[in-house]
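Each structure below is given as structure tokens.
Here chain A shows up in two complexes: once beside chain B, once beside chain C.
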Partner chain A sequence: MASAPATPAPAAVAVPTASPATLLRLVVIVAAVGALEIACRVGWVPMTIVLPPSVMAESLWQLLLSGSHTRDIVVSFSNVAAAASLAVVLGFLIGAILHTLPPVRGAVEPLLASYYAVPTFMFYPVFIILFGVGSGAIIAIAVLLAIVAMITATLNGIDRIPLVLGKTARMMRMGPIERALKISLPAALPYLFTGVKLSVAYAFIGVIASEFILSGAGIGHAIAYAYNNFDNRTMYGLMLLIVLAVTVINAVLDTIDRRLQARLRR
Partner chain B sequence: MRHILGPLLVILAGFLGWEVLHFVVANSSLPSPFETIVQMGVLLRDPDFWKQASQTGYAFGIAVVLSTLGGIALGILLGMGRLAGQVAEPILVNLYSLPKVTLYPVVLLIFGLGISARIAFGIMHGLIPLTLFTMNAILQLKPVYRRSAAVMGLTSWQTAFTVILPAILPQVITGARLGVSLCLLGVLIGEMFAARNGLGYMVTHAMERGDMPTVLAVAVMIAAVALAANGLLLALDRSRQP
Partner chain C sequence: MSPALASVAAPVPAEHHARLTGVTRVFGARKGTGVHALGPVDLDLNRGEFFSVVGPSGCGKSTLLDVLAGLSSPTAGTAEFEGKPINGVPAGVGVVFQEDASFPWLSVEDNVAFGLRRSGVDAAEVARRVDYAIGFMGLKDFSKAYPAQLSGGMRQRVCIARTLVMQPRLILLDEPFGALDQQTRLLMGDELLRLWRETGATVLLITHALDEAAMLSDRVGVMSARPGLFIDVLETGWPRDRDSRIVSHPRFGELTAHLWDKLRAESLKHLRGS
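Right after this comes the complex of A and B.
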């Protein structure tokens, strides 16, 4: 059955603990995809609006085989990787520095809390002036979107290091570096990883959305281009690619996240 | 007073940084904060600006009302059936982190190029966080509430309105705060990508003309309104927290 690849991965990843809920979820997803397939084939949904999932999968397969969009795919994924890693590293550093300066932190924190209320995208044109149309502006806006999640997670993580661990470090006469690497970092890791997970999701959103609005390359641009040319096959094929990629990446990060959270409760 | 002073200083530092950037960027295609404020004054007196703003406000208003009602209803529905909640949660979380712009062309194909596509796109953004917050609040509710409701022989309809909804209100307000900001983002992105009116269109159109003061003036005004609305909901949120 060609619609099989359209079943998202969370269920597949969670197989070792297959509960009734997991099985039911799989059934729900398969049923939804099947229903869409039937609705399209029978003609309840016109082919000019939505393509059957099997045709989407077939189109994606052909896109990947022919290599017609390989460049766009590489550009998008490398931008996401660059933006996510910049956001994680800078966000961690800023968070760690803010934590050592309580007055500054007190001034910045209320702004961080309402940061995501501001539609950052409206400032995309500013970055186009600063960096030109291309990867620079896109990575900048994606970092801007992702970094605050990492800063907040870092502050939260350092806050929650149990006091007793600090005392233990003093008892063992650890230096500041040894203490940071052996005590603080492992203790804060579960919280930090939640920040990493969010940063990756936000980096994806930032990169794809900016490519959509104004860009010359990338998957977002390719989808917008296909939409403008009524090329539904390409459009749905690329959409399926993004949905699958995001689902798989989320599932992997989520599994790691759950393991780390479980370690906290031990 | 003290807790307002700090953030204000940070915002002031932001404006200073902007001014420095204005001097550094070659031949200053980046307008200074002063130019932007002057342009804001011009826009605020321009009837065309108000026409675009009312378009955005209209789409945003409808999207907020529909996604709030829908999100709470869906959250209660999924939360009251424990199995339904467990089945739906990972699917919803995944939908939440999906870059929804990818799906905007589908929305356009279904709803056409009019304002309904933007409203639908705003709802797509705002509905899921509210559903998740409402659902999780109900799943974490102390069982004693539902047991007392059962003892008093309330119907599930009565249980939802007189017991569950009041008990989960704080989380619902938190979810609504997130939902409202995402609704605004959805509507604006919709306008930026394919529209002939609204503030998002105004920004993309000004960018194509190279009219940077307008771009920044509109962006800063939207940011200010969004921050104010968020601050209001945050205050409501805090007053509700025990």
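Right after this comes the complex of A and C.
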């Protein structure tokens, strides 16, 4: 249009370059790992307590190659996946239903807010009675730990849908289902995803920790077993595996999260 | 006299396009302590006219728009569009809201195409209309951009384009240029006039800018402080092919002064919170 006001070019799409903060973080991590390596090698830290990181990595590599713990790894990761999925789906549904019932929500919300003050793990005998020893009890505890984060995120997400988008949906004469799918869900998605991220983190904590006490399989169980048998190499190899897995998964979720949040910068 | 004023105002066919009769809106009436936001208001919008509403903030302008859009029903009185009572959102009415209503999860292009795609228009026609509307609103270079990458004024243009492609016969705009600087507002006013002429639609523009109302409209309705009533309806007498250059015309100053004269007392009431 000829008389268009001068308009700035759209903000350049962020090129993923390493910021000074990222570089510094990398330096700190490398330095810490290097320091531990040296401390172990020189003998400041006895090998019976902590292994040098290079030995941990080598142990992990061998245990992956030999397949000695493949079953534990598969069991743990499927339990985490099951618990996170259940928590996300159920938490979303409960949150969405609560949102339509303001009196119930008003009654329940203070309980949700103080929920994480309760040490959920103390209920483990109850879960053993209900589900027996095994994946059932573990997934139940992990879901219990994760679901409230998803419920809270869902309530927050629906709250934050701008009223004007609801008006717009009405102007377009949308039915309730089309409106929920095409307007409410995408509008709330960045907030819902915060719940997904937390659910995955809590599912990891819930599963690995429960495996110490509730299971005859899984990485948590294998770490406890190695500890009881003074098998430091296996123990630290598996710990490294979990740290690496959680770091990678979290990095992926963070990237998605940042993309979603970028839309909201208004 | 500017050349734009050489021709006589195009005769507006006095056909009622939308009509409010004794419309009143009270919020929370059932709880006893209601907020009387609007009315009773009578308003006849002629087909194809450009009508502006000015009034102090909180006087019920957005409430009036909601009634015309079918988003809220009047507490008392009747609202009609094209001869039929307004009951729910009528087909043929488009709204540009005061708040930014662009969809942040869709590109500009997809925002503009959103309504058309779900109305069953075939893809080629969607593409044609979307292209036209995007070009018209000066968004060509930004069709792949997301709202978060745009300024507030540009997002409002996305919303105008999204309404425009549906080819509404009545366009309701609620302070669409509120966030813009004065120069941009004048230019957007020109675009709005062009849109109005090309589409032949009836336009109701709510604005707090008296000069904008004086420059753009065939008629300007002046509202009192809450509960809003029309205390004056002013005919501007501008020709149909007017544009922002009429600001240099002596009548522009007279119209603006007249509007301010009517509004000053009402704005004071609002300021003093009575």
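Quick note on the criterion: the second predicted complex is superposed on the first by the 250 of 266 C-alpha atoms of A that agree within 3 Å, B and C clash if a C-alpha of one lies under 4 Å from a C-alpha of the other, contacts with A are read in each partner's own complex, and residues count from 1 in each chain.
Note that a residue touches a chain if its C-beta (ideal position, glycine included) is under 8 Å from a C-beta of that chain, and two chains touch if they have at least 3 such contacts.
Since the model is a prediction, treat every value here as computed from it, not as a measurement.
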| item | value |
| --- | --- |
| Which superposed partner A:Ala187 touches (first chain B, second chain C, both, neither) | second |
| Touched partner set for A:Arg263, first chain B, second chain C, both or neither | second |
| Partner chain in contact with A:Tyr116 - chain B first, chain C second, else both or neither | first |
| First (chain B), second (chain C), both or neither touched by A:Ile213 | first |
| Chain A: partner with more touched residues, chain B or chain C | B |
| Which superposed partner A:Phe127 touches (first chain B, second chain C, both, neither) | neither |
| Touching partner for A:Ala201 - first (chain B), second (chain C), both, neither | first |
| Partner chain(s) touched by A:Pro162 [first = chain B, second = chain C, both, neither] | second |
| Chain B versus chain C as contact partner of A:Met171, first or second or both or neither | second |
| Set of chain A residues, in rising order, touched by both chain B and chain C | 8, 10-11 |
| Parts of chain A lying in touch with chain B, wherever the complex brings them together | 8, 10-11, 19-21, 24-25, 28-29, 48-50, 103, 106-108, 110-111, 113-114, 116-119, 121-123, 125-126, 128-130, 201, 204-205, 207-209, 212-214, 220, 223-224, 227, 235, 239, 242-243, 246-247, 250-251, 254 |
| Touch list for chain A against partner chain C, complex | 1, 3-5, 7-11, 162-165, 167-168, 170-173, 178, 182-183, 186-187, 189, 262-266 |
| Contact footprint of chain A on chain B as seen in their complex | 3, 5-7, 9-11, 21, 25, 29-30, 83, 86-87, 90-91, 93-94, 97-106, 108-110, 177-178, 180-181, 184-185, 188-189, 192-193, 200, 203-204, 206-207, 212, 215-216, 218-219, 222-223, 226-227, 229-231, 234 |
| Chain C to chain A touching residues, read off their complex | 69, 71, 88-89, 91, 93-95, 97-101, 103-105, 114-115, 118, 135-138, 141-142, 145-151, 153-154, 183-184, 187-188, 190-191 |
